[in-house]
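You will see two complexes here that share chain A, one where it goes with chain B and one where it goes with chain C.
== the complex of A and B ==
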């Protein structure tokens, strides 16, 4: 019994760490325009809209986070093998992984933006200086939380994978959850804030992203501020729920029916999410109603 | 384009070419023969398991509703990320669960892997709709079909002007969960087969007990399983070319070509994974 209570505590802690990791991951990727909305940031200058948005999308979020979390986990693992305290080892491993992320962000911004030279998009050095450090700070939070979560899963719950491998697995899953949940909010609600609320962006409006803020030109720090309100927390809840339910069903229900308890509970949880999804889908159809074309063209 | 040929960038059915079929079958037979030659019957059976696992991954990716960049602007239905990436996220979460349940037996590990992948997709797909509905005020609408095959909801009147649809209709949600479950199942199957091979070979090769080699065997099998998973997911993504809404999308009918490609690629990659230790033994 004590073992199960201990397991539930670790599960809750891992779920909380995953929530933090998910929220930081999405905010980081939105500041760097690393998710799918990067296509619009890259397209805008080609359509004549010069902007000051940071763009470091030379890899999707899942492989990028797979790399950084695996790197942080691998280094932490090596430090722990050198008898360094696990907390310190995870901090050091994550900090070193963040330097790789910083180099990645710098070269990616320079490369992506320089490729737009013929469309007269400048490389802004002040953007590079101010945005890179902010993405690094968010990346540190995401990597540290993810590596700490993986360490808990191995040392307290006894998963057989070594730390770097688990870092790769959960890093990719972190990027997948964060990009899936957070991207539409950044892409539609922020980049196309001028478009009508409650409707998709018409294809004819592609590239016409919002480039001006309350005062002066909009930059990616403004976008991070916006994403942190809903896209980031939603991604955090998404990844937190994934980690929590994955661990919870195993820790609590595996002793039942020779292990099949965990599988049955997994199926039940999937069905509950099916009901929630269907409920909000029907709610949206009833509440928002069919699409009504605006009186003026919105593009 | 794919080595299996076929016309490029058209929707609907794209059958594998005769040449592609013949080359794939030859590759699979050669790989199976090599597996038998290197590790006898156990190797042959392990490679068959790996091929089935790879095929499940390749087939499963076709179910996952992926909208890519247009989905991030509410211009197309699906999840706003890449095909291979999302499938990899789900499949690897399944592999995590499957590897954890491995000591409890083969069927339970496979079921654990499938549920792990399905659970990730169920939560992710639900959260996508939460953001679309409560963050952006956009109800789901498919661009490929007028009516949801499961719920019977109609879509044309909900579709925004100038878009191909948006959000995740229920059929896409179900497709996502099925795809995640198949991916988790396939990834776990590859992992378990490789783990069995390594646990049988390593003690003799290194002169150590099964417990001593367990960390190396688990790591090696895990790395190869992740690698083969990504390979099959990317192959399927090439077959899909861009975005897919799920099992109701006309592009879904292209899956036979991906199955053949996944089988051939898994056979070739699998023989390297299985024969790795034999090669180490030779040198």
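== the complex of A and C ==
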């Protein structure tokens, strides 16, 4: 019994770390317009809309975060193998991983923007100076929380995977959670807040993203502020719940029927969430949607 | 609306880059074998350089493949390259001194099968698909083998699955502290997969220039070497690991500075804290 209580405590702690990681991850990727919002940021200059928004396309978020977290975990693993204290090792590993992330971000912005010279999109070097550091700070929080969570899963719950491999798996999950949950807030709504709510993005509006802010010109720090308010916490809850339920079902139900208990509970949890999601979607369409018929909503 | 993928014309012909990349990386990867011949670990960094040579070639291959309108397919090309390559590299590592050659042959077979499946089963019908995926799988195999040799000082399988750990003052051998047992290969997989696709993914557009893209590929390679050099402190002696780290840092700094210069050359304008310049034709 004591073991299970200890396990649930660790599960809750890992879930809390995952929530922080998810929130920081989404804010980081939105500041860089990575993932969902990227195609429109990339398209805007081609349509004649010159902008001052950071455009760091480094693969999709899941592979990119797979690398950052695996890198942080791999370096932490190596530092621990060199007899360095785990907390210090995780901090050093995350810091080095963030260095790699920052360099990738700058090269992505320079490359993408220089290749758009035909459309008169200049390189705004102050964007690199002011925003790369902000994405790196958020990435550090995300990577540190994710690697610490993986270390906790291994050292306290006895997971058999080595740290770098677990980092890779959970890093991809982290990127996927942020990409699926948080990005639409920015990519679908904020970039197109001048369009009617729920109207979708007609071809004629492609690339016509919002480029001016309340005062002056919108840059990606404004998007970071926005993401920290809505998309970030949503991604955090999503990833936190994923980690919590994943560990909880294993800790509590694994002894039942030689491990099959945990599998069955996992399927039940997925079904319950599918029903909740469907209910929320239908309710939101009825309550907020300006369109009633679904065929009109998809125009 | 999908972003149209365009690439710049001209530059060095692809076949020339292929030959330089293949021959150069094989020579560089065999230079790490000097470690076994001389019984030291000073030559580990050549593995990383082999990876850089392979990545430059791979970036040019991805450019050729993805100029057929594969926008979101650019990162996927990197993943399939390393996914095929890692199997071939680990299989090749079991064959001792022939490891690089065996890895390249196995990778070419896996890549060709993937290409045939993509063209005839998935029906993507891209003319260069089979050749490109074969090349990419070979690049992936060389990258993995090179970085493995750099982190562990050898590409011999038995040495890669035995690490040493100190228990109560005694040195004991264990699988968990080895390059493969510690899953450093998973990290190498991701490092090379992101590095191989980043160069073209970052530089695509109508003003893409081959020299800038390939300089970025080299930069990604040296950047990937830096964390690998840091991790190699856990596996090889201090001085060889320090040499690896210095080589990586110097190579990275040079290529990064060159890349920024080339970006400055190609950019429409290079502005610091300036407002949006609306285009002359109007939005």
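Just so we're on the same page, the second predicted complex is superposed on the first by the 286 of 299 C-alpha atoms of A that agree within 3 Å, B and C clash if a C-alpha of one lies under 4 Å from a C-alpha of the other, contacts with A are read in each partner's own complex, and residues count from 1 in each chain.
The rule we apply is simple: a residue touches a chain if its C-beta (ideal position, glycine included) is under 8 Å from a C-beta of that chain, and two chains touch if they have at least 3 such contacts.
Just so it is clear, the model here is predicted, and its values are computed rather than measured.
Student: With both structures fitted on chain A, tell me whether chain B or chain C touches more of chain A's residues.
Tutor: B
Student: A:39 in the overlay: touching chain B, chain C, both, or neither? Say first, second, both or neither.
Tutor: Both partners.
Student: By the touch definition at the top of the document, which applies to A:61: first (chain B), second (chain C), both, or neither?
Tutor: first
Student: Tell me the contact category for A:162 with respect to chain B and chain C: first, second, both or neither.
Tutor: both
Student: Going by the contact rule set out at the top, does A:52 touch chain B (first), chain C (second), both, or neither?
Tutor: After superposing on A, A:52 lies in contact with chain C but is clear of chain B.
Student: Check the residue A:123 against both partner chains and state whether it touches chain B (first), chain C (second), both, or neither.
Tutor: It touches chain C, and chain B stays clear.
Student: For A:148, decide between first (touching chain B), second (touching chain C), both and neither.
Tutor: A:148: touches no partner chain.
Student: On the A-aligned overlay, A:206 touches which partner chain: chain B = first, chain C = second, or both, or neither?
Tutor: After superposing on A, A:206 lies in contact with both chain B and chain C.
Student: Based on the superposed arrangement, let me know which partner A:237 touches: chain B (first), chain C (second), both, or neither?
Tutor: first
Student: Residues on chain A in contact with chain B in one complex and with chain C in the other?
Tutor: 39, 60, 63, 161-162, 165, 168, 203, 206
Student: State the interface residues of chain A toward chain B in the complex, per the touch definition above.
Tutor: Of all residues in chain A, those touching chain B are 35-40, 60-63, 159-162, 165-166, 168-170, 172-173, 175-177, 179-189, 191-192, 197-206, 230-231, 234-235, 237-238, 241-242, 245-246, 249-250, 254, 258-260, 262-263, 266-267, 269-270, 273-274, 276-278, 280-281, 283-285, 288, 290-291, 293, 299.
Student: What part of chain C is in contact with chain A in the complex they form?
Tutor: 1-3, 72, 75, 78-79, 165, 176-177, 181-184, 186-187, 190-191, 193-194, 197-199, 201-208, 212-213, 216, 219-220, 223, 226-227, 230-231, 233-234, 256, 259-260, 262-264, 266-283
Student: Under the touch definition given earlier, write down the residues of chain B that touch chain A in their complex.
Tutor: 68-75, 79-82, 85-86, 88-90, 92-93, 95-97, 99-102, 104-105, 108, 111-112, 115-116, 118-120, 122-141, 151, 153, 157-166, 168-170, 173-174, 177, 214-215, 218-219, 222-223, 226
Student: Mind listing the chain A positions that touch chain C in their complex?
Tutor: Touch residues, chain A against chain C: 39, 42-43, 46-52, 57-60, 63-64, 66-67, 70-71, 73-75, 77-79, 81-82, 96-97, 99-100, 103-104, 107-108, 110-126, 161-165, 167-168, 203, 206-207, 211, 217.
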